[in-house]
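Structures are listed in the sections that come next.
What follows is a pair of complexes built around subunit A, which joins subunit B in one and subunit C in the other.
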Partner chain A sequence: MNLFLCALILLFGGSLIVLPIRKSSLAALLGTLTTVLATPLTGYVALKVLLSGQSLSLSLPWSVPGAEFNLLLDPLAAFFVLPISALSLFCALYAGAYLEHDGQTRPLTPHWFFFNIMVLAMLLVVTASNAVLFLAVWEIMTISSFFLVAWDHHLEDVRKAAWLYLLAAHVGMMLLIALFILAGRYCGSLNFSDFGLLAKLPLSIASLLFLLALFGFGVKAGLFPVHIWLPDAHPAAPSHVSALMSGVLIKTGIYGILRILSFLPPAPAWWGWLMALLGAGGAVYGISMAAQQRDIKRCLAYSTVENIGIIFLALGFGMVAVTGGHPTIALFTFAGGLLHLWNHALFKGVMFLGAGALLHATGTRDMNHMGGLLRRMPLTGLLWIGGSLAIGALPPLNGFISEWLIYIGLAQAGTALEGYAALAPLLLFGLLGLVGALALVTFSRLIGICLLGQPRNSTVACAQDTPPIMLICIGCLLTGCLAIGTFPQGALRLLMKPLSQVTRLPIGEELVQAVAPLGQWNLMLLASLVVLAGLLVWLRHLRPLAQAATWGCGYRFPTARMSYTGEGYAGFASQHLLPGVMRPEVSGGKVCGLFPPPTALAQHSTDPVLMRFLQPIFVAIAERCQWLHWLQQGKMPIYLVYIFVTSVVLMAWSIWAGGHGGG
Partner chain B sequence: MANLLLITVILINFFTLGSARLVACIRAVAVQGALLSLLPLVAHGMSGHALILGTGALIFKGILIPWLLLRAIREARIRREVEPYIGFVATLVLGALVTAGAFIFADFLPLAQEHHEGLFVPAALATMFSGFLLLITRRKAITQVLGYLMLENGIFIFSVLLSVAIPLMVEAGILLDLLVSVFVMGIVLNQINREFSTLNTERLTALKE
Partner chain C sequence: MIGRIALQLTVLLLFAPLPLGVINKTKALFAGRIGPPLLQPYYDLARLWRKGFVFSRTTTWVFLTGPVVGLVVPLLAVQLLPFGGLQAPISFTGDLILFVYLFGLSRFFTAIAALDTGSSFEGMGAAREVTFSCLAEPTLLFSLLVLARSADSLSLGALLGPQLANQWLTEIGASLGLIVVCLFVVLLVENSRIPFDDPNTHLELTMIHEVMVLDHSGPALGMILYGAALKLMVMSALLVRIVLPLQTGSLFLDLLVFLLGLMGLAVLIGMVESTMARLSLPRVPQVLVGTMLLSVFALVLVLR
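What follows is the complex of A and B.
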C-alpha cells in the first residue's frame, strides 16, 4: 500500500509542480513524466492484489467531519486500477506528441495539471472506502475531466458539450449524495467497512438504494437513457482524453454500481432484469446511432454506449442467474462482462487514439472528407483496422473472447431454463447478435470510408504518417488486445478474485478450461492469417496489377465526389432497419422539373433521447421557472436582505429545534 | 467593566446608523474597534494571548483600516451619505428593533451558565445585525465597507467569548481575512469610482445578467 500511496503523492506533486510553468514543452515533459512514473507503480500493486487476492488498506487522519481518509485496495478495486494505470500511461505518452502543435500557441500547463489530477482522482475513486472521501474525489474527477473536455474552449460546440457533461454529471451527483446519505443514516457511519449493515435492509429500501445507484452512477457510465452527455463530450475532448474517458473514466460508474451491490442484500431478479434490459436497449441503440455518424469520434462515442450496454447486459443477466441458482451461467456471463470491460478499455483506447492520429494528420473528424488514408498512413491505418476487428468482436482478438463468454452464458441459460423462462435469454442472445452485425457494419464503414478509396480533398491527399511515439502507444494497446485474444486464460486467471468477490460464488477451473482451446484456435487463426497475407503480398509482388481509382466505376476521369459516402454506406441500415425516431434528419435533395438546378442534400444525426425526450422536458421546466427571475434584482442591498432574512430564519429555527429537543 | 464597554459599543452602533457624515462614521467605527481591542484584556485578564489579540485588533480595526478608509474618501472627495434606501430615522428604529431582538434571542440560547450573565452574546448579535442593516440600507460603497467592519466587530465579540477555546491561529485568520477583504473592497471602490464617477453601488445593477 505504501507503493500505491507513493504513486498518489507523486501524481499530486507532479500536477502541482506543473502549475507555475509557462513553457509548454517543459510542462508536457513534467506532466508526462509524472504519469509515466506513477502509473506503473499503481499497476504493479493492482496486479499483485489480483494475483494474491489479499486486500491492502490504508487509513490516514483527515479533519473533515464524518470523514476518514480510508483507502481499500481489494480485488474489485484492483480490477479497475489496472486498466486505469495502463491506459493513463499510454494516453500520457501519446498526449505529448498530440498536443505539441497546440503547445506552440498556448501554454499546456492547465492540460497537464488537470490530466494528472484526473488520473489521481480516478485511482482514488476506486480505492476510497469512505463515502465523504468517495464523493469528494468523484467530484474532483468530474471537474478535472470537465476542464479537459473544454480544452478547445474557443469553439462554441466544445463549450456546449462540456456544459452538457457538467450538467449531466451533477444530476448524477445529486442522486449519489442522496444514496450515501441514506446509506450513512442507516448504518450510522460513512465508512464503507460499516456499510455491511445494509445487507439487513428491507427489500423496498434496498431497491430504492439500488435505483439511486443505478441511475446516479449510470449517468457517468453512459447507461442508455442517461447517456446523453457522452456523444457530445467525446468528440469535443482531445483524443487521448476521449480515450481515457471512454476507456476507464466511465467505467468508474460501473465500479460504483458493483460496489453498492456488494453492500446490498442478495439481489431480487428484477434488479438484474432491469440492468440487462437497459443494457440491451443501450447496446442496440448505441450501435445503430454509431452506424449513422459522419464524425468519426462521435461514432466511437456511440460505440461506447453500445459496449457499456453489453457490459450491463452481461452483469444484469449474471445477477438474474445468481438469484435463479445457476452458478455456472452466472460465472460465464459475469466473467464475460468483466472481461469485456477490460477489453473495451484496450480497444477503445486503440480506436480513439487512432482517430486522434487521423485528426492530427488531416485536421478533420468528418469521414466524408477523408479517404485513401491507408496508403498515406499505412501503420496508423493497420493499427486502426486491428482495433476495429477487436471492437467488432472478431477473432483472433479480445472482443471475441468476452462476447463469446456472454453468448455461452445466454445460450446455456436458454437450454437450462424451462418453458417461457428460456425465451428471455434467447431473446437477449438474438439482440446481442443483431448488435454484433450492426457493429460490423459500423466499423467496416469507418474503415472503408476513412482509410480506403481516394482522398476527398487536398489536405487529406498530402497527409503524413503519425509520429512514432503515438504509433507505439496505439501499438502497445493493440498488443494487449492480441494478447488477451490469443491467451485468454491469463486474463481470466487475473479475473478470478474480483469475480468471486462480485458474484459471491466459488470459482473452479471450468472458466479457464472453457476459453483455453479458444485461445489456441485464435493463435492458429492469427498464424494462418499472417501466412496468408505474406503469400498474397508475395503473389502481388510477382504479378503487379494495373492500379485504378477505387470506385472509379470505369470512368475516364473519376473524381472523389463519385465515391461512396458514409451516409451512403449506412443508408440501408438507417432507412430500412431503424425506427423512424432514430433516423437522421435529411434536408434538401428534392429534384423537380425537367431541367433541375443544382441541389444539395444534407443529413444530420442528433441524439433522439436528448433532442426529442429530455430537451423538451427541461425546456418546459425552465419556462415554468421563469417567474423566479424576479429574485434576481441586480441590487446588492436586496441580496444582502436575502442573507439577512436567511440568517434570521435559521436562528429562529435553531431555537425552535432546540425547544423541541432536536438540536 | 466589560458590560460598560459593550454598552458603549452598542451606542456606537446607533450613532453610526443615524449619522450621515462619513468621516464621523469612520471615526466611530474606529473607536468601536479600539474599545473592542480592550475587551480580551478585560474579559480574560492580562495574559499573553489576550495581549496579542488586543494589540492585533487595535492595529487593524482601530488604526490601519480607518486610515485606509479616510484616505479613500479624501481621494474620492465625498463627505456625506445622501439618499439612503431607508431614511436615517427609520434605520435607527430598525436598529433599535434588531437590538431588542438580539437581547430576546440571546435569552433563548442554550448557553453555558457563565455566559448568560454578561452582555457578550446580545451585544455581539446586535452589532452584527447593525452592521447588516448598514450594509443593506446605504448606497455609498464606503458605508457598506463600514457595515462590513461592524459585522466583523460583532464576530470579534463572539470570538472573545470563546478566545480560551479558539486557537490563536483562528483569530489571526479572522483579522487577516478582514484586512484582505477591506483591501479588496478598496480596490472595488476605486474601480466603481473610476468607472461610474460615483461611489453609489446602485449603478452596479448594470452588471445584472
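What follows is the complex of A and C.
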C-alpha cells in the first residue's frame, strides 16, 4: 500500500509543481513525467492485488468531521485501478504530442494540472472507503474533468457541452449525497467498513438506496436515458481526455453501483431486470444513434452509450441469475460484463486516440470532409481499422470474447430455464445480435468514409501521418486488444478475484476452460488470413498489373464529390430500419422549378432524449418558477432582512434540536 | 481430427461451385434455354486464375482484404458444421455465436473493400448489404436458438446431431418447419439471390452484392466468386442437415445423401429465382422483419 500512496503523493505533487510554470514545453514534460512515473506503480499494485486476492488498506488522520481518510484496495477496486493506470499512462504520453501545437499559443499549465488531478481523483474514487472522502474525490473528479472538457473554451459549443456535463454531473451528485446520508444515518458511521449493516435493511429502503445509486452513478456512467451529457462532452474535449473519460472515468459510475450493491441485501430479481432493460435499451439506442453521426467523435461517444448498455445488460442479467440460483449463468454473464469493461477501456482508447490523430492531421471532425486518409496516414489507418474490429466485437479481437461470454450466459439461461421464463434471455440474445449488426454498419461506415476513397478537400489531401509517439500509444492499446483476443484465459484468470467478490459465488476452472478454444480459434483465424493474404500478394507479383480509374458506369473522370457520404451510407438504415424520432433533422435540399438554382441540404443530429424529453420538462419547470423572481428585489435592505430571518430560523432550530436531540 | 478437417475441406472446395451450376441450369430449363454447362462456374474460376489484375488508382491494401477474408471465413466456419452425417471436425460450447460472427467479419471487410474504391455505386451496395444483415443476423441467431433449446446444447455439432430425425416427429417439428423457412430466407439474402438481389442484373443501381465487387479483377475476383460459392454451400449445409437428418453410418452413403440434398436445394433456389420477381428495395426490410418475427414465433412454440 505504501507504493500506492507514493504514487498518489507523486501525482498530487506533480500537479502542484506544474502550477507556477508558464512555459508550455516544461509544463508538458513535468505533467507527462508525473503520470508516467506514478501510473506504473499503481498498475503494479493493482495487478498484485488481482493475482493474490489480498486487500490492502490504509488509514490516515483527517480532521474533517465524520470523515476518515481510509483507503481500501480490494480486488474490486484493483479491477478498476488497473485500466485507469494503463489508459492514463498512454493518454499522458499521447497528450504531449497532441497538444504541442496548442502549447505554442497558450500555456499548457492548467491542462496538466487538471489532468494529473483527474487521474489522482479517479484512483482515489475507486479506493476511498469513507463516504465523505468518496464524495469529496468524486466532486474533484467531476470538476477537474469539467475543466479538461472546457479546454477549448473559446468555442461556444465547447462551453455549452461542458456546462451540460457539469449540470448533469451535479444532478447525479445530489442523488449520491442523499444516498450516503441515508446509508450513514442507518449505520451510524460513514465508513464503508461499517456499511455491512445495510445488509439487514428492509427491502423497501434497500430498493430506494439501489435506485438512488443506479441513477446517481448512472448519470456519470452514461446509462440510458440519463446519458445526455455524453454525446456533447466527448467531441468537445481534447481527444486524449475523451479517451480517458470514455474509457475509465465513466466506469467509476459502474464501480459505484457495484460497490453499493455489495453492501445491500441480496438483490430481488427486479433490480437486475431494471438494469438489464435499461442496458438493452441503451445498447440499441446508442448504436442506432452512432450509425447516424457525421462527427466522428460524437459517433464514438454514442458507441460508448452502447457499450455501457451492454455492460449493464450483462451485470443486470447476472444479478437476476444469482437471485434465481443459477450460478453458472451468473458467472458467465458477470465475467462477460466485467471483461467488456476492460475491453472497452482498451478499444475505446484506440478509437478516440485514433480519431484525435485524424483530427490533428486534418483539423476536422466531420467525416464528410475526410476520405482517402489511409493512403496518407497508413499506420494510423491500420490501427484504427484494428480498433474498429475490436469495437465491432468481431473475431479475432477482444470485443468478441466478452460479448461471447455474455451471449453464452444468455443462451444458457434460454436453454436451462423452464417454459416462458426462458423467453426474456432469448430475446435479449437476439437484441444483442441486432446491436452487433448495427455496430458493423457504424464502424464499416466510420472506416469507409473517413479512411477510404478519395480525399474530399485539399487540407485532407495533404494530411501527414501522426507523430510516432502517438502511434506507439495507440499501438500499445491495440496490442492489448489482440492479446486478450488470442489469449483470453490470461485476462479471465485476472478477473477471478473481483468476479467472486461481486457475485459472492465460488469459481472453478469452467470459465477459463470455456474460453480456451476461442483463443486457439482466433489464432487459427489470424494464421489462415496471413497465409491467404500471402498467396494473393504472391499472385500479384506473378500476374500482370494494370492501373485504371474506378469504374463509374463508363464515366471516365469520377471525383470525390460523387462518392458516398456518411449520411448516404446510413440513410438506408435510418429510413427503413430505425424509428423516425432518431432521424437527423434535415434542412434545405428542395429542388423546384424548371431550371432550379444550386441548393444545399444539411442534416443535423440531436439527441432525442435530451431535445424531446428532458429539455421540455426542464423548460416547463423553469417557466413555473418564474414567480420566484419577486424574491430578487435588488435592494440591499431586503437582502439583509433575508439574512436576518435565516439566522433567526437557524438559531431557533438549533435551540429546538439541542433541547430534543440531547446534543 | 486432422483427417476430418481435411475431408471436410476437400468436399467443400471440390463441390462448392457445383450448386451454382445447378441453379443456372434450372433457371435455363425454366426459361426454355439450354443454358451454360453444369461445370461453367469451375471454368470461370480457372479462367480468372490465369488473368492479370486491374486496380483502381484510389485503392489501398484494404481493397484486397475483401477477397481474402471472404475466402478464409467459409473455410473456417465449415469446420464447425456437420456435413450431413459426417461429424463436425471442431466443436465446442458456444461455437454457434462464432459461426455467426465469422460471417460478420467477412461482411465488414467486403463492405470496406467496396468503399475503398470511392465509387458511389459500391458505397451504395455496401450500405444495403450491411443494413439487410441487421435483420438477417437476429433471424439466424433465433433459428439457431430454437435448435439449441430443443437439443439442450450450445455447439453446432451437437444441435445438428442425430436427434434431429426424432425431433421432426415430436411437437418440436412445427418449430423446425418454421425455422427451415427462416433459414431459407436468410440463405437467399446472405447469398444475394432473387427475390432480394439479382446476381445477373446488368444495372449497377439495382445491384447489392455484385456492385460491391465491380472493381475486382483476375484472381482477386476469382477468390470472391469462390468465396461466395463456399458461403452458399456452408449455409446450405446447415439447411440440408436440418431437412435431411438421415444417418446411415457409412461415410460414403452419408456424403451422398448430403450432396444430393445440396443439389436439391440448388434446384429449389433455381425454381424460386425463375418464378419470382425481385422485391422492390423498401419491401426487403419488411419481408426480413416478417421472417424475424416468424423465428421468434418458432422460439415461443419450442418454449411451450
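The definition used in the following text is that the second predicted complex is superposed on the first by the 629 of 663 C-alpha atoms of A that agree within 3 Å, B and C clash if a C-alpha of one lies under 4 Å from a C-alpha of the other, contacts with A are read in each partner's own complex, and residues count from 1 in each chain.
To be clear about the criterion, a contact is a pair of C-beta atoms (placed from the backbone, for glycine too) under 8 Å apart; a residue touches a chain by one contact, two chains touch by 3 or more.
Values in this document were obtained by computation on a predicted structure and should not be read as measured data.
**Q** When the two structures are laid over each other on chain A, which of subunit B and subunit C touches more residues of subunit A?
**A** Of the two chains, more subunit A residues are contacted by C.
**Q** Output check: A:186 vs subunit B and subunit C. Expected answer is one of first, second, both, neither. What do you get?
**A** neither
**Q** Based on the superposed arrangement, let me know which partner A:635 touches: subunit B (first), subunit C (second), both, or neither?
**A** first
**Q** Applying the touch criterion given at the start, work out whether A:560 contacts subunit B, subunit C, both or neither, answering first, second, both or neither.
**A** second
**Q** Who does A:395 touch here: subunit B (first), subunit C (second), both, or neither?
**A** second
**Q** Taking the superposition on A as described, I'd like to know which of subunit B and subunit C A:270 touches: first, second, both or neither.
**A** After superposing on A, A:270 lies clear of both subunit B and subunit C.
**Q** Contacts for A:521 in the overlay, against subunit B (first) and subunit C (second): which applies, first, second, both or neither?
**A** second
**Q** So, A:655: does it touch subunit B (first), subunit C (second), both, or neither?
**A** In the superposition, A:655 touches subunit B alone.
**Q** Do subunit B and subunit C touch any of the same residues on subunit A, and if so, which?
**A** Touching subunit B and subunit C on subunit A: no residues.
**Q** Which subunit C residues qualify as touching subunit A in the complex?
**A** 51-60, 62, 64-65, 67-69, 71-72, 75-76, 90, 92-95, 97-98, 100-102, 104-105, 107-108, 111-112, 114-124, 126-128, 130-131, 133-135, 137-138, 140-142, 145, 148-149, 152-154, 204, 214-215, 218-220, 223, 282, 285, 292, 296, 299-300, 303-304
**Q** What does subunit A use to touch subunit B in their complex?
**A** 632-637, 640-641, 643-644, 651, 655, 658-659
**Q** Report the residues of subunit A in contact with subunit C in the complex, numbered from low to high.
**A** Interface residues on subunit A, with respect to subunit C: 371-372, 374-375, 378, 385, 389, 392-395, 400, 404, 407-408, 411-412, 414-415, 419-420, 422-423, 426-427, 429-431, 433-434, 436-438, 440-441, 443-445, 447-449, 451-454, 514, 517-518, 521, 524-525, 528-529, 532-533, 536, 539-540, 543-553, 558, 560, 562-564, 568-573, 576-577.
**Q** Looking at the complex, which residues from subunit B come into contact with subunit A?
**A** 85, 105, 108-110, 129, 132, 135-137, 144, 201-202, 204-205, 207-209
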